[in-house]
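Read through the structures below before going on.
Consider the two complexes below, in which chain A is the common component and chain B and chain C are the respective partners.
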Partner chain A sequence: MMYKHGGKLISVYWFFIIFIVAAGIIYMVLSFYNKPYDVRNMEVELLIVKISDCLSYGGYLNDSLINSGGHFSEEFKENFEKICSLNFSVEDFSNWKENDQFYLKIDLFNFDIIGEKIDSFEQGDRGLTTFCDLEGEYLPVCSKRSFYALDKNNTKYQIEILSIIKKTEKNA
Partner chain B sequence: MNLNKKKGAELLIEDTVFIILNIVFISLLIVFVFSKTGSGANLEEIYSKKIALMIDAAEPGMQIYLNMEDAIKIAEKEKVDLNEGVVTIKDNIVTVKLREKGGYSYSFFNDVSVRRISPPPESENLNKGYIFLIDKKNDV
Partner chain C sequence: MLNLKRFFKIKRDGQTGETLTWFIATVIIISILLIFIFISNAGGYIQDFMGKELDYSVMSKVRLMDTPNSKSFYAYTLTKDPEGKKIFKELSDSKNFNEFTGSLAKEIFNETLIGENYPYTWAGIFSRNAYPNSLKANAFFGVLSNSDSNKCDRDSIYLSNGVYFVRVFCS
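This part shows the complex of A and B:
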């Protein structure tokens, strides 16, 4: 009689524990699979590579885009997207079309005089740069890369590209 | 003697019911976990982003085959048209749809022309993936 009642009591506790474990597993599975996959790190690097390939080839600057003084040509500044085969249009999601989801800044420096900036070009929402030094979730992803190149007169330049992608609603 | 036998039978029934309930409970849990891992919604997001990144990294002249066997199986089960519905690319937006009322879109920044075609009928990859043809964009 005692064992019978004790056995029923144990099975109630047993199922209570199983329910708690199951609830934990379900919560972990849902929180993992409901979180979107963040591909922006890869996307931002691909963007920098694309722009680098547009600006220089084989270690030499594209002289139709950057003149011999190290300044961006007017044609480059006005038709940047078309020249570098870029399209920053985004899908109609969460006001993305009204707010720029990208920001780019390309700086040209004098290689021989450290820190001397010759020219700069930017496109997109400059306000995204404020998030680059912050840490946390739901923030844009930033990446800055630099490389060296020569112009046709063998003048050396350092090119620095800052690329920022927002798209937080589908990645964070 | 009969009383002992009766108690033994009751215990056996209780234990059996207990074990069966445990098995049913754990089975339901496993079914739930597996349903989440291979769900259509999940795969829609994965493949739309995968294809967008693939196009971003591509150059004109490339032909890229992407195996989407798991996604296509779900699309077939949901009766989505494999030729028109599963992967659509309009302007610079990729949309992957594996469910009748589903779909996930993601944009790519590489300004190229992309055509999605199915592998030829004689290919062993038929109904397992798609070929993406990357070309320069023609200015209209």
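This part shows the complex of A and C:
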């Protein structure tokens, strides 16, 4: 009788241990994968890559998007997302749908005359630019890149792309 | 006849020993569990302890695909000089910079245009046949002085007869 009683106790003990170990593993997995992966640095760079590919391909500017005078075409301004295969829609989280989480600015400069801006195009929340000069952990991520471009008439341009992604609520 | 007093004494000793064994085993199991919980919790903060950001492999691939930078390079080679000759053709023929091609390269491949990530840039001619002096010094970029492959990326375009136009940009 004593032995049987001990056996039951040991079974209860084993169930207890199994439960503790299982709970520990679940906790470990949750705590490890719950940490947010902040990929916004990559996201802004990829956005710039996509836009630069859209504007210039094969060494020349896309003349259907930028006309010979160096101005963005109306079609480009109206259907920018569709033309460049971009999608700025975000998930319904913390009023993201109401507040833009992106900002994009494309400036077209005359390469031969330093500082002469020919045209500019922007989309998204301009207010995000105020955070670019600040230093801190929970701020929008900004990236600005420039490149040299050429149209078919051998006119030289400098294209500057500023890309900003907010999404601070999920990456704080 | 069974000596009950002795039997229970032995039994008690055995039970105490076994209980102690299980107790220590439990402590060991829980300790190991706690160590793993601590490690998995600390995983996200390792970058803080190390004082640097985690280098995701995807991130390094993105850096290698520096599209805007490459676009500048290829647009440069397609630019026509005042006589209407493309720089690519001019470099293929002369295998060196002239005043126009060199000055334009200097203007395009500078820090302002390619970004502050790359404070050092070199552009010039690489000749496969001229080993060990494959990289030719030129009047505009001098000698390639920093080509640490861990910190530098490069773009190149084949000109002719084992000669390439190369640009090296380093962080």
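Please note the rule applied: the second predicted complex is superposed on the first by the 137 of 172 C-alpha atoms of A that agree within 3 Å, B and C clash if a C-alpha of one lies under 4 Å from a C-alpha of the other, contacts with A are read in each partner's own complex, and residues count from 1 in each chain.
Note that in this section contacts are C-beta pairs under 8 Å (C-beta built on N, C-alpha and C of every residue); 3 or more make two chains touch, one makes a residue touch a chain.
None of these values were measured; they are calculated from a predicted model.
Colleague: First (chain B), second (chain C), both or neither: which does A:42 touch?
Modeller: both
Colleague: May I ask you to decide whether A:13 touches chain B, chain C, both, or neither, giving the answer as first, second, both or neither?
Modeller: Touch status of A:13: second partner only.
Colleague: After the superposition on A, what does A:130 contact: first (chain B), second (chain C), both or neither?
Modeller: neither
Colleague: Between chain B (first) and chain C (second), which does A:95 come into contact with in this model arrangement: first, second, both, or neither?
Modeller: In the superposition, A:95 touches no partner, neither chain B nor chain C.
Colleague: Touching A:60 in the superposition: chain B (first), chain C (second), both, neither?
Modeller: second
Colleague: With the two complexes superposed on chain A, say which partner A:148 touches: chain B (first), chain C (second), both, or neither.
Modeller: second
Colleague: Using the superposition described at the top, list the residues of chain A that contact chain B and also contact chain C.
Modeller: Residues 29, 42, 46 of chain A touch both chain B and chain C.
Colleague: Within the complex, which stretch of chain C touches chain A?
Modeller: So the residues of chain C in touch with chain A come to 11, 22, 26, 29-30, 33-34, 36-37, 40-41, 43-44, 56, 58-59, 62, 65, 67-69, 71-72, 74-80, 107-108, 112-115.
Colleague: Under the touch definition given earlier, write down the residues of chain A that touch chain B in their complex.
Modeller: 4, 7, 11, 15, 18, 22, 25-26, 29-30, 33, 36-37, 39, 42-43, 46-47, 50, 81-82, 85-91, 93, 102, 170
Colleague: What part of chain B is in contact with chain A in the complex they form?
Modeller: Chain B residues touching chain A: 7, 10-11, 14, 18, 21-22, 25, 29, 32-33, 36-37, 39, 42, 45-46, 49, 52-53, 56-57, 91-93, 105-112, 136-137.
Colleague: Taking the complex as given, what residues does chain A use to touch chain C?
Modeller: 2, 10, 13, 17, 20-21, 24, 27-29, 31-32, 35, 41-42, 45-46, 48-49, 52-53, 56, 58-60, 111, 145-150, 154, 156, 158, 161
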